[in-house]
């Protein structure tokens, strides 16, 4: 069961995870990561821009690689775009597998790649002004864990 | 927010995760692993025995180590005991943190230790007969990832 | 009396989840009171012993008095 | 016409999310048609170029015809 989506509206992760788990009968384990917009000092909002012809195909390509690398029964990968407020979920990745190691590692792998290699541009609003968020060295370090170039 | 429990009855992970996430406002991410009893060939039921004076204190000690090792805001660790049928959730570990790496690694750490160093004895019923499940070498390998003795 | 609790497959060997023995009780006395197959099994270094919920580093040092609980713990099952 | 799409901070520099330029259009022609600050920015090797959704390995080889869409892509934001 494979469910890859960009969402333009607020979502509640539990409403995705329950049906996803049900859709993979016989699984041994399911690992889920949900990221939320942090309440960082003075941040009023976060905006994510995507580029339609690259972003969703890029997520599908990432899902292909996860299925190739780990022994998965199902993969859910959902990412918000648009304007988000602190506390709102921004990303949800869930992997179902016979064995826990595949499920946990697949989520870790997808998160590292989504955070640093997926086509999203982010800016945050502080004091009424929008500021673009730059690439981070940490993201390169995260990717190097998987022995892959960016 | 810390919630460590042994459960004697069937549970629905979503009913634990939602309140757990709500109880950790300001989190950056929450990682959750849910393990289910697999539909292994011919297995009719799985029984988990625990020893009251060791098992729950052992889970609390594991939680202490996870809080010491990772930067966590909250940790949920719930394990079933008693007789379970294939498809039933057996374990749920959820970690909330400011940063995803802590949340994911804490879940991975707790699962490796719960599976191999926590005081549970398991037997499975096949063809109407109960068979004890032996320790596995793989579990030792899992623990060695954390550079710790069993 | 001292309560002896058998966990996992030791309970099968013992034929019961627990039994009561007279206090005081040391390691040699405990083994002497158990059927020989069970006594041999609990001697296996992979099987641990707890006294009142505390694991013993050295089984041979066991000293249980009236009201104490001894647990005989085989290795935990694999994941 | 060729559609030029600006992503991230390049959209701020351009003052608009997209613009239309006459076809055909190569890399030199594109840069010549952009304000100099923007032309300089898109020349930065960290900024990638896609033609109709396919990333170009070599920007200088860009060849866009009528109806094509060129996207100018700064590095993605950190996690």
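When the chains are written out, they are named A, B, C and D in that same order, and each has its own residue count from 1.
We adopt the following convention: contacts are C-beta pairs under 8 Å (C-beta built on N, C-alpha and C of every residue); 3 or more make two chains touch, one makes a residue touch a chain.
This is a predicted model, so every value here is computed, not measured.
Both chain A and chain C are touched by B. Chain C and chain D have Cα centroids separated by 76 Å. Mean C-alpha position of chain A lies 27 Å from that of chain D.
Computed from the mean C-alpha positions, the centre of chain A lies at a distance of 24 Å from the centre of chain B.
Among the residues of chain D, those in touch with two or more other chains are 79.
Multi-chain contact residues, meaning those touching two or more other chains, occur in chain A at positions 100, 115, 142.
Contact between chains, using the touch rule, shows up for A-B, A-D, B-C.
Chain C contributes residues 5, 7-9, 11-12, 50, 52-53, 55, 69, 71, 73-79 to its touches with chain B in the complex. Contact residues on chain B toward chain C in their complex (touch as defined above): 49, 51, 53-54, 57, 114-123, 132-136, 138-139, 142. Within the complex formed with chain B, the residues of chain A that make contact are 13-14, 17-18, 21, 25-36, 38-39, 87, 98, 100-101, 103-104, 107-108, 111, 115, 142.
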